[in-house]
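Labels A, B, C, D and E are assigned to the chains in the order they are written; within every chain, residues are numbered from 1.
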Amino acid sequence: MESYVTVSGLISQFLVGLSRAMILFIVSSGLSFILGVLRVPNVAHGSLYMIGAFVAHTLAMAAGGGAAGFWLALVLAPTAVALISLAAERLLFCHLYEREHLMLLLFTFALALILGDLTKITWGADYRSLVAPPFLQGSVMVLGTPFPRYNLFLLAVGPVVALGLWLFSNKTKVGKIARAAAVDREMVGAIGINVGRVFAFAFVLGCFLAGLGGALVSPTVSITLGMDHTIIIEAFLIVTIGGLGNMWGALAGSLIFGVSQSMGILLWPQFAIVFPYLAVVIILTLKPTGLLKSVW
Amino acid sequence: MLEVQGIHTYYGLSHILFDVSLRVEAGQVVCLLGRNGAGKTTTLKSIMGLAPPARGRIRFNQRDVTGWPPYRMARQGAGFVPDNRRIFADLTVGENLEIAARQGPGAEKWDRERVYDLFPALRAMDRRRGGLLSGGEQKMLAIARALMTNPQFLLLDEPTEGLAPLLVKSLGERIRKLKELGLTVLLAEQNLRFTLGLSDYGYIIDNGRICHHGRVAELVNDPQVRKICGI
Amino acid sequence: MTRSLILSRSSFGWSAALLLVLLLVPAWAGRFTIYILAFVFVMALLAMSLNLLVGHGGIYQFHHAAFYGVGAYTAGLIAAKTAWPVWVGFCAGPLMAAAAGWVIGLFCVRLNKLYFGMLQISLGSLIWIIALRWYSLTAGDDGIHGIRMPELLSGSVTIYYFLLAVVTVCLLSLYLVYKSPFGVTLRAIRDNPQRCEAVGINVRRHQLLAIIIATFFAGVAGVLFVVLEGSIFPDMLFWVLSLEILIMCLLGGWFTFFGPVVGAAIMVTLRTFVGSVTEYWTMVLGIVLILLIFFLPEGIMGINFRNWSRRRSRRAAARAAEDTDAAG
Amino acid sequence: MKKERFFSVGQLLMWAGCLLAVVMPAAAEARDIKVGIVDTYSGPAAVFGNDALNGFKLAVNEINKQGVLGGKIVFTTRDEQFKVDIGLNVAKELVLKENVDVLVGTINSGASMAISEAVAKKEKIPFIVWTAKSENITGKAGHRYVFSTAENTAMAGKSAAVAFAKKPFKKFWIAGDDYEYGHAIADAIWRNLKKIKPEVEAIGRTWWKPGEPDLIPYLTAIQAAKPDCIIFATGGVSMANVLKAIKTTGMENKIPAWIHTATDHSVLKPLGMNAPEGVMGTIQYHYYYPETPANKKFVADFQAAYGNPPGFPAFNAYTTAQLIAGAYRKAGKIDKEKFIDAMEGLKVDTPVGKVEMRACDHQAVYPMFLGTTKISQEFGGAIAADIITLQGDEVMPTCEEIAEARKQK
Amino acid sequence: MLLVEDLHKSFEDFTAVDGANLQVRQGELVAVIGPNGAGKTTLFNLITGHLKADRGRIRFLDREINRMAAHEICRQGIARSFQIANIFHRLSVFRNVQVSVLSQKKLSRSLFRPAQTLVVEETRRILESVGLLGKQLDIAGSLSHGDKRILEIAIALGNEPQLLILDEPTAGMSPEETASTMELVKRLARDQGLTILFCEHDMDVVFDVATHIMVMQHGRTLIQGTPEEVRRNATVQDAYLGGA
């Protein structure tokens, strides 16, 4: 009915979509990594994201709530999540890799239920909120519209994570082994590599990314129970349209998701919610195995 | 070096190997002959730990290695070259070799350069993705990859499968050279002619059972063996 | 004679005994037991319809609840917004669900496994969005409550018997489908789709038919929910519920016929009774699931078959397996 | 059979836990009043469920010192997980199995309405809604067995409209959670505002999905349109997200914004010193206002018992408990119909003064407070300042309007 | 009956079938031989529609079948077995065969008739003809390797094919099993008038059973003719028979 679409508005909205896509990318790339190397649809990924946010808050508060606390939380919260996932992997998960996908799905769902309740027991039901360091607060003017500084920061972090993942999987031996294990885990064992370790490492790395996503998102939202629900379905759709297990696919999927949503808001706010789903339907109808090559 | 004692192996519910026993002495090339589906691959996989036997013992380097996971076997000095090559298709040739590199117990210290010396064709393809190699090149890469783990003992599964005669010949020469370098080899083949000049001793496997064994020259003249091997 | 052909003697005996017990329940049980059993019936039918796809067809139908919702909304809206007799809605509900299943199935059957599931979640979510957003029709997220049922279906005991009757008929139909050539073919497709093509079976078309049947019964379950509760609300089409019914199937034993019923009963019991003892019932559920995955990988009904095979000779075990495979 | 036994053990534990130090009275005829609470104790809305439960507990402890009709008020809780079907399951369990005398709950409007229809009306059991804000509960879907002690969307909307009429804004943008609550509150404002001040204009509307984590994209889009005032029809998690986004996008103090319950401390507290200033909010309860002795005592008791000050759900629940006790005392016996008759028109003392349960629609009449957020060093965060009190009868739909709405249904 | 002309198929990096020609006439028993990797299985997959050819023609009973889906080709009267036991592992032996008989009788979408009463006789007859009747209640996945391969053939027979394609029917079988399997193949050809196309490694078997032989190498057809013609051909001697 009313349209207030201006060029600058369009651009700033696009940028906002991009920065949203960065969070989605960080979370879904971890999911995609686990899907690719371990072939595990990890439903608990969303819970780890939520725990990442809660731990980030606790750490930042413990460190006095200042900028230092924020940076500390950004590093330590994902590490804590990685430790939790390491425990889950070594104690439970590593016995199950040979099961059907549906059973793994069920297992990670059970894990998500337990983690969800543990979060409630640990942190309670209160809303929490983390404060970005002062120089990331407020907005800057981008082409005449205010654009939040923190989102600019996210726009910078996303590519750094993508680059880091690329370097990791292409330039380090562990990364190469993980790529090899994605294709043929048996053969990786036959050349003397302890596949169990590789899997544990891949799982922990993927979960680290979930925790990082949670820590990064926490200054922009309230940290609450139930954060896991919204993110997990989006992350799964993203990795599917990108091509299961393909990291660049996760990036492409996140961009499509984030941008289609933010542009949808501008163009047709009442129905912005349908755009991402429509994007998935269109992409999977045209390309039944996702945009990029899948390892599945 | 290797002693397999009466192993039985199952895939799910199907019983594949029945009481398979064989011995490989250090420095020997031993061949395991049989046709498609006879149980050669399963035997090799059982030794390697990829398809652990349900019953029976496997001793390797004076140790009981029954039920060991593949990576421990590899670290003990067993190199495995699977029949369907199983190159890591997404990785380059160089990366395929790199991730396999390991200080194994083998006497020869293999590195990328030495492996490329043995298979010069691969050197030119260092940066090519493994999946884009031809069948023969993949075979070489699979052997090269196994060598990178510095094994004492090589399990070769049907190296000649699908190769043109010329390639088969040159492959034979490489294997002979490896033998000269002191490697012990267990070679699964259905091509009796190929193994003739290479191996010291042979086992014939059929329907999951070892039905004959002896020196290869003797085996080749056994009419029953000839029948089984499709000559 | 025909009965003994369709049902093996033992499973017939068990089913009959169970039915008899269920028929007698209202005579001695409290009103809440009657109610919660009726609720279990609805969930059981829903899970059974899903299991036709997941357990027997190997089809990853991840958003089955969408069709349950379509059935419920169709029946509920017809009852609440039109002057037509509710029975029209009762018939239209399953048909609409099957129609939706058909349309969504057309899109999805071209895809495999997880991709199928994800596309299905997206398409199902579009239906959910309609239920959530079309305020003038569906009243949005509050849903419509207090939908009037005919006098015939007013008392909780009559509702119980009505639900029991409908669910029994539906399960019997599903059982017939299951034992029919189509059911056999569907399980063959699950085991080996490529081989099925090679014996002249149009795999996609069979899968589509299975989806239509399953969504039809999901629609029936939706209608029954409206009968029981008189409410429709968008949560009924949300993916979380889909995940829950998927878990009922896996929990009860997805390769068995009767497993999902057991799974549904356990899930509902757990959440009602554990939920009244501890706030953390989801954690209890999670732990139960993990124990199950480790110790009963084929689900609760799956254990039956394994015990049998240990006790009897191989042949008998095979026969039992055939029985489990077909009867549960 | 086994299951039954297991359950009764659980039940025993539960009652034992609830009764705690309370000793069962020996007198046979004076029995306890059982209250069944259905509310959300998991997921994002749990914070409100817990707060309400604390408020109720506090009130019950006070009430039980004297007792009601010779007995006590005892209660049992059920978590409906913000799901309608579970809400129905547990409500029926409470009524059919536990035989509670009164049902209270929940924050979920959908569940409240479902319970109101399928349990309260059908089983003829009084049901008091204490947090859910849908105006339909006591409005067009109201009936004899349902009560509400929550302020509803009609009241919130009307109070905002009354406030806006006094301000110079003309161009409004309406944004909010895309669910019943958001739409209802927006409708209520607009309906009333248009009536009072016909020249206002809504230049745009934006709806996002409830609980949407990142609202910045929406807010930047709205900002570009330069409205005079933004009406945020939002609640729950989105509320804090909106406040954060207002701060981050730099809209604070530039474009006035209004959100119902923005001045709730459960929302403002987590934001600490980073809460945006100048956001208008309406709410029926602040723990720091009015500074009456009754309120001070309530806050002090609450703080002592639970370690944090009460929020509005605690207040609603406290009021609910007072109403339940008052009604039973007035009725003179434990009887559902008598209880309902007694509830109608009942006035009880609450921390903010007398609150009446209106007889015509079973809606509690509250005054509403309009405040504007302001950082206070003393509170370590934002609080409501410049509070204007709007009297209950000023912001409530009239009994005639209710009657009209119910007829339409 | 079946005519394959100049068929080509390449995968990402290599050409599996590179100009294959093949002719099968009614009642013949045609063997395709060639070294491992010569493209025999790919050729069969192309004929039965499991792969799509890049180039070339496949005609069956004077109908182009290149573009048909696998299940449609099966409906034309071509049934096949696979190289690796490709059966329905969780179903019983009886069910395995029944599935294909039901499909042939166009009953597989029949919904409300108990499968136990349908096509029982046909299924039992097929099981009997291959000698698996005694194991009809066993779960297919638990059969021995040899029995699985026989079951493969039985499943294919359920389609009442005019042309039966067998991909290495005796692979992995003991000499006795091989002999009895080939006996079965011969009997099927003789008693049921089946036309059979198969590939096989065992030369004794091939020359014993086949009426015609097609030799493949590197995806190409070297020669097709009677066993005598093939035996005499010098190229074949060199490439495959190895002078033995």
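In this text, a residue touches a chain if its C-beta (ideal position, glycine included) is under 8 Å from a C-beta of that chain, and two chains touch if they have at least 3 such contacts.
Model, not experiment: these values are computed from the prediction.
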Steps needed, at fewest, to go from chain D to chain E via touching chains: 2
Intersection of the contact lists for chain C and chain D: A
Contact-richer chain pair (by C-beta pairs counted) among A-C and A-B: A-C
Computed distance of Cα centres, chain E from chain C, in Å: 41
Interchain centroid distance [CA atoms averaged], chain B/chain E, Å: 31
Chain A and chain E: spacing of chain centres that average the CA atoms, whole Å: 49
Chain centre separation in whole Å, for chain D relative to chain B (CA means): 74
Residues of chain D touching at least two other chains: 41-42, 178
Where chain C touches two or more other chains, by residue: 133, 282
Interchain pairs in contact, sorted by label: A-B, A-C, A-D, B-E, C-D, C-E
Parts of chain E lying in touch with chain B, wherever the complex brings them together: 12-14, 35-37, 83-84, 89, 139, 141-146, 148, 168, 171-175, 177, 201-204, 218, 242, 244
Residues of chain C that touch chain E when the two form their complex: 2, 5-6, 173, 176-177, 179-185, 187-188, 190-192, 194-203, 205-206, 209, 213, 255, 314-315, 318-319, 321-322, 325
Residue numbers on chain C that touch chain D, as the complex places them: 30-32, 35-36, 39, 132-133, 135, 139-143, 145-146, 225, 229-231, 233, 235-236, 268-269, 271-273, 275-277, 279, 281-282
Of chain B, residues touching chain E in the complex: 12-16, 35-39, 131-135, 158, 161-164, 190, 193, 206-208, 226-228, 230-231
Of all residues in chain A, those that touch chain D in their complex: 1-2, 4, 6, 8-9, 12-13, 16-17, 20, 23, 65, 116-117, 120, 124-129, 131, 137-139, 145-148, 150-151, 217, 219-222, 224-227, 229-231, 261-262, 265-266, 269-270, 272-273
